[in-house]
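Let me begin by presenting the structure, written as structure tokens, before commenting on it.
Labels A, B, C and D are assigned to the chains in the order they are written; within every chain, residues are numbered from 1.
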Amino acid sequence: MNAAIRGVAKTLMLRAQTEIIGIEDGFLGFIERRSRTLTYQDCSGILSLGGTMIGTHNRANPFDYMGEDRSRAVKEYYDELALDALVIIGGDGTLSIGYELTKLGMNIVGVPKTIDNDLMCTERTFGFDTAVSIVTDAIDRLRTTGQSHQRIMIVETMGRNAGWIALHAGIAGGADSILLPEHPYDINLVADACNQRMGTHHFSIVVVAEGAKPINGEVCTRETIKDSPEPTRLGGIGDQLKQQLEQLTDAEIRSTTLGHIQRGGSPTSFDRIFATNLGSYAAGLVINKQFNLAVIQRGNQLSEVPLDSVAHKTRNIPNDDPTLQTALSMGICFGTETLLRSGAKLNEPE
Amino acid sequence: MNAAIRGVAKTLMLRAQTEIIGIEDGFLGFIERRSRTLTYQDCSGILSLGGTMIGTHNRANPFDYMGEDRSRAVKEYYDELALDALVIIGGDGTLSIGYELTKLGMNIVGVPKTIDNDLMCTERTFGFDTAVSIVTDAIDRLRTTGQSHQRIMIVETMGRNAGWIALHAGIAGGADSILLPEHPYDINLVADACNQRMGTHHFSIVVVAEGAKPINGEVCTRETIKDSPEPTRLGGIGDQLKQQLEQLTDAEIRSTTLGHIQRGGSPTSFDRIFATNLGSYAAGLVINKQFNLAVIQRGNQLSEVPLDSVAHKTRNIPNDDPTLQTALSMGICFGTETLLRSGAKLNEPE
Amino acid sequence: MNAAIRGVAKTLMLRAQTEIIGIEDGFLGFIERRSRTLTYQDCSGILSLGGTMIGTHNRANPFDYMGEDRSRAVKEYYDELALDALVIIGGDGTLSIGYELTKLGMNIVGVPKTIDNDLMCTERTFGFDTAVSIVTDAIDRLRTTGQSHQRIMIVETMGRNAGWIALHAGIAGGADSILLPEHPYDINLVADACNQRMGTHHFSIVVVAEGAKPINGEVCTRETIKDSPEPTRLGGIGDQLKQQLEQLTDAEIRSTTLGHIQRGGSPTSFDRIFATNLGSYAAGLVINKQFNLAVIQRGNQLSEVPLDSVAHKTRNIPNDDPTLQTALSMGICFGTETLLRSGAKLNEPE
Amino acid sequence: MNAAIRGVAKTLMLRAQTEIIGIEDGFLGFIERRSRTLTYQDCSGILSLGGTMIGTHNRANPFDYMGEDRSRAVKEYYDELALDALVIIGGDGTLSIGYELTKLGMNIVGVPKTIDNDLMCTERTFGFDTAVSIVTDAIDRLRTTGQSHQRIMIVETMGRNAGWIALHAGIAGGADSILLPEHPYDINLVADACNQRMGTHHFSIVVVAEGAKPINGEVCTRETIKDSPEPTRLGGIGDQLKQQLEQLTDAEIRSTTLGHIQRGGSPTSFDRIFATNLGSYAAGLVINKQFNLAVIQRGNQLSEVPLDSVAHKTRNIPNDDPTLQTALSMGICFGTETLLRSGAKLNEPE
């Protein structure tokens, strides 16, 4: 986050000699009228820090703030500060709000940030590489224990709608099964894969995204637990999978939910570079007075698309994704036969 | 683990020109008669690997193996291999079994290994520094998120009987409250500390050991859940604490259970050195034909004690522990007033 | 390296039910007739290890092995093993030898691996992300010291012909000046940048690639030192730069040459995934009997090109590289004005 | 550093309700009259950061500041600020200055900090564990390269007068030879050890402390180079060792000087805890009005000694150090026979 802000600010300072104002705590800062001028000094030495230098990832939505539409207040403060443009950094929610604000006449440039990597139009979002790296690290540790104790280790990762983190960390960590929201799984196929692996290797690693679902029957996500009048015993998908596999295998099983340690911490060098590039490119758009756009990466180059092409959408893993194809080619279990039938082809040059 | 085995083996190879035999998978290897000669080569390049080079942390207890006493089989294989001595590496369970085996006439030297640091007679066990380092890393990440989102973050660490990991990682990670098995906590004091901290810092970190308990009333540990006929919704102490604090504070709260990622992975340099020293010292005992001892650290020096002084016991955090005293001096909340009343004094030179 | 081998082997095992033979120690294994069948087991649990599972990065060139052309011996052993194809993994040298061997009738598929990222046709090589991550880590540490002691810290990175590592780690580490082989630097501009930075921030970080050169006059690289009859005092470019800047600034200066710690160690999750993808894709080419190709990444997709398009060439940083443009936009000093004059434009959407 | 300051400040704030003033940039802040009140806020969230929160590790010596004795100015500012006591954190230099200042009537408590671990009276200094951990990490990486390329890898670590870092990181990294300032080495013994290791393992790792010396003849340290009128070609001891071993072995050899990356960066959890404990204990001494003392660790407990027992002295590795004994027991080469003759005994319980 800091890397992107720094990229925006340092580029604007150097090339536009303009004043940069940081709005504190996201859109909440607009509502509560809190902002401060950022100096060159403010933007130095912050690359290796996690979090944000200008307050919190506040998720205040000005169109529905404590039940009220406060979007006019945002526009008023924007006018009062006499801003030329507003650069917003965030995921689908933030960019969607940004898109709505353009309708009030604000000049907005969006920078895609989400650890889930599930924004439309861009091949990558920053934060994703850091999250994958943390999850891979955890899988490496669990493998040591799994090997030593001859167990099936289940790892539940973030990814409610899209399975990017589970797929990538699963490949990097050498998982035997990877279960994704994109492809409802057949628990029998997963159990078969575990049993086979236990036979040869005496341990098995299953990586499951938070939003993965079995093909038959409902599943209690944390969401449904929260909303249901009758609390059930089960936690998330990792715990449920453990219970199911305990009935279909003889192995001892442990489930770990990584939770919030997937966020935060010092970003990888990859994410720092990528975020700096995105921020600096966003500043270029501002200087050129090109607004209501989101910066994206496509074909390994930076580019831009209208904000509304990314708003209110989710990008799932497509069947021709190179890493998904690799996983298929290497026989990693997705608990599904329909994946192949649905048109995914093996990693095969035509 | 590998560092200790390497320390034992390389010292014996060099100084006693003896053959070293590795028993695979712990005591199970004795029962199933599986072993192999370790070469100098086997013991090279293994320092940075987690896990064990000679199989699994099998917890087979030969005195109660699938309901049978197989301890005679252990002694028979020991005699058949014509071993001069057996070096065992492990925690209370392993060393206690070792102590019982000495009664059958086996020559045994024990090396204390447990991430929980709760063995009697020794100031430290190896594995502990690595576990503290992993937990501290996780707290650092959770702090970033806690700060950004203005939340109370609860971290549940290992430590069923003793709170060493929670105390040390709590200090290293800058926790505001640390709840230990040694001192039942008053939830009202914890809530007060959180509320005060939220007032000044807008976030708070609570580290709680798996075996921590509130002062009044029963608590459902994972243990009791497993045994209880009626499964309850609650997970471990972290989840319960979350539920309790949600009623006593206004803050948004997240609970993370670190679980098995606290085990495994590459050991810290501290643990590698310490384990090598312990292993090499154990080899010295073998060479000197001093048996039925456990290697310990006391006053920063290595030494040895009879195996039965460490068997079947747990070492809790004493009230004069320097790190506990530091925590008291710095106003970290333990959710208890009895801690002070019970004789713990502040970090104060007499 | 292991990730790529694993990707090749597991894909071939699953999809072609063929035998996989590993040649030990690169081309040396062909000359010395050393190979072994790889099992599925061999390819498990090796992802997090650095180095190679089948011996050394031997640089034996069969066309000039101790002065002799031993390429026929390679072909003979290839025929004797009745190989369908040979997958080679390496940088320009390895792929160039591979290209020459195709002329003897061997079926070859190349996988591009070099930490320098300087292979033609591919946007990335695996190993690069890991090297950048190590260098960034080192810069983070040096910044702490630089800040505390008010110094100019010079970091010399690998990159004899191309400056990829210096550029990327420089951006990720927040360097103030980055000197690249691609653009001979004017020491006066570098000194100006340092002086200005010392004035405002009291420390400055200069990242210099091994092969960077000043615009005027010869420079003694380690290469020239090795060959020269008269050894000179100076070490590499980092030490020279230190000496030059000591004359042009008042600051205390320290130079650190990272050297071989940039190689080796556990690969990043990014490199593990990328290498697995490349290896699996190479296996697909083998299955389809498409030979004498190198696997590449272009536009974020995997693809292939004839081996001779990558052989005997180096890929420098182009002027429209997004990260180079970011660096220019943010005012990072390259010690050159010609960079802009030579056609590099600022990070500016047209 | 920050951990120690935080330990001092939070303890004093809680227990003495006193004002805490931070002097900026060490003794320089006294001379230039720069200080500021530290708030509770200042001391939060700083544990994981390297460096210092109150300016630089300035090495200004008030008794010889630009040729003048400015110690009276220090005392004057101390009186003007009406300080009850001054807590100083640093190595031999800082503590020695502190001792001299007590003679002017200042109340001083010293906290021992140096990565070299070479202060008298204390078993450990903080910063040491972090440095050992960084060096071990580097050795792990170099081992990968050494193994792959069949080389002797030389690693030069800090340690001009005492070899603590080299010894500890050497054991943690699995070095085959460790050369220390305490024991002048015989290059022939080192070469023998390398040759033997190359025969069996095809690579060898030599860790050498900056201040190590050969038994016969002078050696050019960086120090002597700096002072000598005639610059010599050789760099530090690592480069010299490389040159010597190239004549006595057939192996390819690489030498890496770790330099300033051994300082700085995020401290290990061990150092954070230790520094917090020391700082909090120092605050306890201040509260009890016990002055002119240094906090030390002895027998794993904190304690205190008069400042002059640590001033102007260096602690070398004693012959009965457990880690040195382990190294001897495991056959690690020190390039010396006198080590044994001089009374060092093997790691052997009496």
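One rule holds in what follows: a contact is a pair of C-beta atoms (placed from the backbone, for glycine too) under 8 Å apart; a residue touches a chain by one contact, two chains touch by 3 or more.
Note that this is a predicted model, so its numbers are computed, not measured.
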Spelling it out: a chain qualifies if it touches chain B and also touches chain C; which chains qualify? A, D
Between A-B, B-D or A-C, which repeats the contact pattern of C-D in over half of its pairs? A-B
Return the distance between the CA-based centres of chain A and chain B, expressed in whole Å. 34
Between chain B and chain D, what's the gap in Å when you average each chain's C-alpha atoms? 29
How many Å are there between the centre of chain A and the centre of chain D, using C-alpha atoms for each centre? 42
Which positions in chain D are in touch with at least two other chains? 137, 140, 143, 147
Name the shape of the chain contact graph, picking from line, ring, star, complete and other. ring
All pairs of touching chains, please: list them by chain label. A-B, A-C, B-D, C-D
Under the stated contact criterion, what part of chain B meets chain A in this complex? 50-52, 56-58, 134, 137-138, 140-145, 147-150, 153, 202, 231-233, 235, 254, 256-261, 263-265
For the complex, which residues does chain C have touching chain A? 7, 10-11, 14-15, 40-41, 44-45, 47-48, 123, 129, 132-133, 135-137, 140, 143, 147, 168-169, 171-174, 200-201, 268-270, 272-273, 276-277, 280-281, 283-285, 287-288, 290, 297-304, 322-323, 325-326, 329-331, 346-349
